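Worksheet for the structure shown next.
So that you can tell them apart, the chains are marked A, B, C, D, E and F in the order they are listed, and the count of residues begins at 1 in each.
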């Protein structure tokens, strides 16, 4: 899956991200929302809350409860997926929730819930990372106070080469895949999974590669947030002028 | 399915109802109940309520909640039906509930529920209408104050002929089926569905045909209610004489 | 299944129990626990409670609620069993709960629940009886005040011979199986099921045989309880001496 | 009316009357309520029956399909018993999958039929190991006024006796439905007789209010040869061995009485 | 923001404005909101479309598999419509299996497609009685601002028109996928037109706040020949026959208008 | 006793002791509790093992069936890992389908086995594309005193090493079970090593009270060649890259230690 020029199936160099498009505030009902396209992966995230929690006895007296659902549309994958949540979706919902939790000041909203909904509209690898990235944007869009953004990106090993941001075929046929989420200002990793086979030395390099990817994603997140505020500002100004 | 004399598979004329038998107050535990046989369709309806609602947080401060379950016995159809509610049963439960709702003074019973249970014991077409008709009787039998009775009947198109009260084979093989429920005193339609293919002109005629059917059913409902009160009166008198 | 010497497939005489091993207090988290091996059947029971009940509206003002789950490990039987509770497991959970209920002073713990969990690790016949026996030990181990222990044992008919404590093949291929639980001090039977074919006279004899088995099991239960207290005493003494 | 829970006073009354050997509705301790059995009430089902036991009302419907045998019984048809406590029958019943009561009920009826070998399953094999008749017995409780087990067992038996199954021809392992029907091969008539223990008395056929007072329930299923096919103790109480033996004796008599009713109703 | 329930005052306002023949957003009573249809947005799906109806946003995706036909239609492919009201679309939507609203929505869209015979199912048979194309139409609501039925029906139709199915070769009853694709055979274009009854007025394409005020909903699905394929009344109110007849008339006009949009968008 | 939630005071104590480089039970920060592995405890299962890790107790049972391969791996057997947190193991566990913790546990164990290619799946093919061995690994937690992942992974590996599978003969695509058995072909020995982050320390094999105090959990699965097969971060905290690298280093050593134990126990 790496050609003689060292390029990947989609023409990328090993340490190159796929083309990424992010947009913030795409849904009118949600308190915050974001859309991300990373290569052919297309993921939507929405945040509702902080809001009253039902049933009430689940509420915590000293902080908000964070809930997260990662879900794939039936048409997002090669073979139609049943809409009932799979074991994989249940695990990823947990992993993503735990990736976002350290970034949020949950203690500011006791007795409430903050609900994150991630819908994978099209899956081509890296959807848990794209979902985490989009969810962090949606949280920011909802105005929820955060210690840092969370930027996520995978790295791994394909045909003996360490590569960044694996697509579906690289993930499935490659030797290792390692999704990572990073909070650059805090210097902390909040999501880390790996499967495959790596020596300790390789692991170190792959981790660094993933962190580099996260940092690039982080920049794109900031731009996407800025773009929204510019858009709002323009809207307001147009409004005032008219 | 229409012979040279213009008669249907079961010998009826196009605008003729099937033989109908109604009985009110057939179950001793329910607050109200009714049984209907319409051709080979046999349907039982029971009403519980107004009664306390569990879980309580579902209760409404200004009116009763109306709940309805339309359910088919496993042995009611040609091939045994799983007892778990099908999508069709879930939809019909909603449609029947919404057909009965405008007839009931729900605002007289805040914080309670009125529960309607419809069991199809044998299905030969028109069971949602028969269920609606029986449920209206059961509501009256339970002494729940109503704006009007609700009488239901389908009409449709079979082999190019507009017909009343389709049986199973006419429904399945015919060109259109249109279940309707009507409140004759109010002159209002509370259930209306259609599937098939009808021109606007045909639609108008089929609707009128269905309304004529509803009016006949309405008369039978009144007789069934009267029969029960006569029966009670006789019982009381026998009791007094003895 | 009975040879010319009158012995059974596993070499036992008709009125002989299988080798039985009981141990009390085997799990550290549970409030009470017990383990039983009866032939190749291996069953673990644990008790939690009396404890606060969720959801609270299920609580009773005048006594504890007794709950019981009989469950088989997927690997406990010849063909892997789905972990979802089967109809058989649901019935046996009820039957075992009702076998233990008359032995417990539930009225001493209003508004609480006492929860019994039985896990069949390996099944070779008689697991509902072994589960009942172990659960009674676990209740005693949890310090829950009881009117009597409950000892359970099956008897039945195999190849025309009345036998005690049927194993799996005897249960499946035999003519009758009758699980019984007994409270020897009260002289009362609290679990009784039978399936097969027995004359009235045979029934009488099988019932007596089962009661004899229960009495033997009862002795073993007492020994197992004593063994635990001896063990605790020794532990305490060792502790004091050191 | 929505709550049919009997008041404490009423409960004490029931208890005391039974202690003195009588019952509030005038029955003797081992009398059944009036029983009415109607057959063939659901024409679309291959077999059906309705049983009225006092005010308790139960319908059983039998559906017949063709399916695969169990691997360990390649030459036998199969049957399953399912029970639904539909919510129109009692304010205590709720919609949803069968709860433990419904499951126990179905399994007790099932065991009576299975252990008495009421259905000749070997006659229900079409292609050994491949195609057999599959019998679904669905029991529907329409009004619950106590003793659902006996009413359900009666309804199931009557429905089975009323069942006609389509005849198939078999050629080269392929089966074809004919337009002919034959009766389901029935060779035994198991009858469930249920007792309630109230005070020191064992009464037969408890009605709903008596069930609320009873400490223990005991069901004895007896077959046509007076053999016991199944027993089930229910409820959170306990019984002395002697009480059980007496109940089994009475069950034999009662079963004969009820069996006559079912057979007559299908004459 | 988390609660989008309209206040009582707002509700009265909506009601009054409509009574006077206008709408709060400036539309006429029978005007649709701006509609935008995008096709082929999910490359992995065999067909897909996104519909924006004002702020209501719906995606439909079509997946194609090979499976067995229904026994009573051995020569026809099959299709199913599924709808999910995913929780990111509204604070009122909850995760879990489809509720009655989602099921009704899917079934109304399904009936429009089925009764107008929009898909030529006979062309979707590969091996009669054995192998046919199986079409899954999944409708995903992304933002709920009212009138999900019309948006969903539009999205489903646009996605079907956008669908390419793999061509198979059949040899001796064995099928083999080729690398070729062909368009899904579409032969009708059913359009759902939904009315809300508010006061004595029937308005078209209600948005969310209007839906909260309406007493009754009426959906009329009209096919390319101006024939009515499906009707569904929803909501707990009732309608006079005359109101229904008028709505059906208007629906015919509106359906033509919308049909043009779908066809154009797929040029 | 029914609540095993650790008190705030106790939590602070645990935290402080660990900050000073010690643990309340006297272990060093990277010490495991005593481990006991018993094999073959469930004779009816094709393989089984019990693991005691301190007071944490886990059983794994292996069942072997014959089934179909996945379409994209026609020449390989399949396996699934399932975990049940049965309610007798902890007052926090509830009956019902596996929750997210049980699912994560099973999937982490599964990935360790799968990615290290511990089972030689190609040797588990009977008839390519049709019949393969299907391996079920069921993990049962009997007592939960922390670090279920490592105990479960150990139990699963020991049970697999203990597994004997029936030998089948294949003739004309038909398979027949013989009375012979062979060991399951195992070619790697993945070991999961779990860390808890408490304060600035990474400790190995946390017990229950430590788990309640930890901010983050990190599991590193290492194979027989010291390669990393799987990693899983859990819990709502975060880690510095350096902490992760150090943990991975320690995991390598610990895995060797534990691997020796499993292999020895099966001598």
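The rule is short, and it goes like this: contacts are C-beta pairs under 8 Å (C-beta built on N, C-alpha and C of every residue); 3 or more make two chains touch, one makes a residue touch a chain.
A quick note: this is a predicted structure, and the numbers were derived from the prediction, not measured.
The chains that touch both chain E and chain F are A. Distance from chain C peaks, on a Cα-centroid basis, for E. Repeated interface, listed pairs B-E, A-F or C-F, reference B-D: C-F, with more than half of the contact pairs matching by residue number. Seen from the C-alpha centroid of chain B, the farthest chain centroid is that of F. Between chain A and chain E, the centres computed from C-alpha atoms are 31 Å apart.
The geometric centre of chain A is 52 Å away from that of chain B, both derived from CA atoms. Taken pairwise by the contact criterion, the protein chains form one closed cycle in which every chain touches exactly two others. Following the touch contacts around the ring from chain A toward chain F yields the chain order A, F, C, D, B, E. Residues of chain D touching chain C in their complex: 100, 103-104, 106-107, 111, 114-116, 218, 223, 226-241, 244-245, 248-249, 252.
If you check the complex, the residues on chain F that touch chain C are 1-2, 4, 42-45, 48, 55, 57, 59, 61-63, 65, 82, 84, 86-91, 95, 97-98, 136, 138, 140, 142-145. Note for the complex: chain B touches chain D at residues 27-31, 33, 40, 42, 44-46, 48-49, 51, 69, 71, 73-80, 83-84, 115, 117, 119, 121-124. Of all the residues in chain B, the ones that touch chain E in their complex are 66, 87-88, 90-91, 93-95, 97-98, 101-102, 178, 183, 186-200, 203-204, 207-208, 211.
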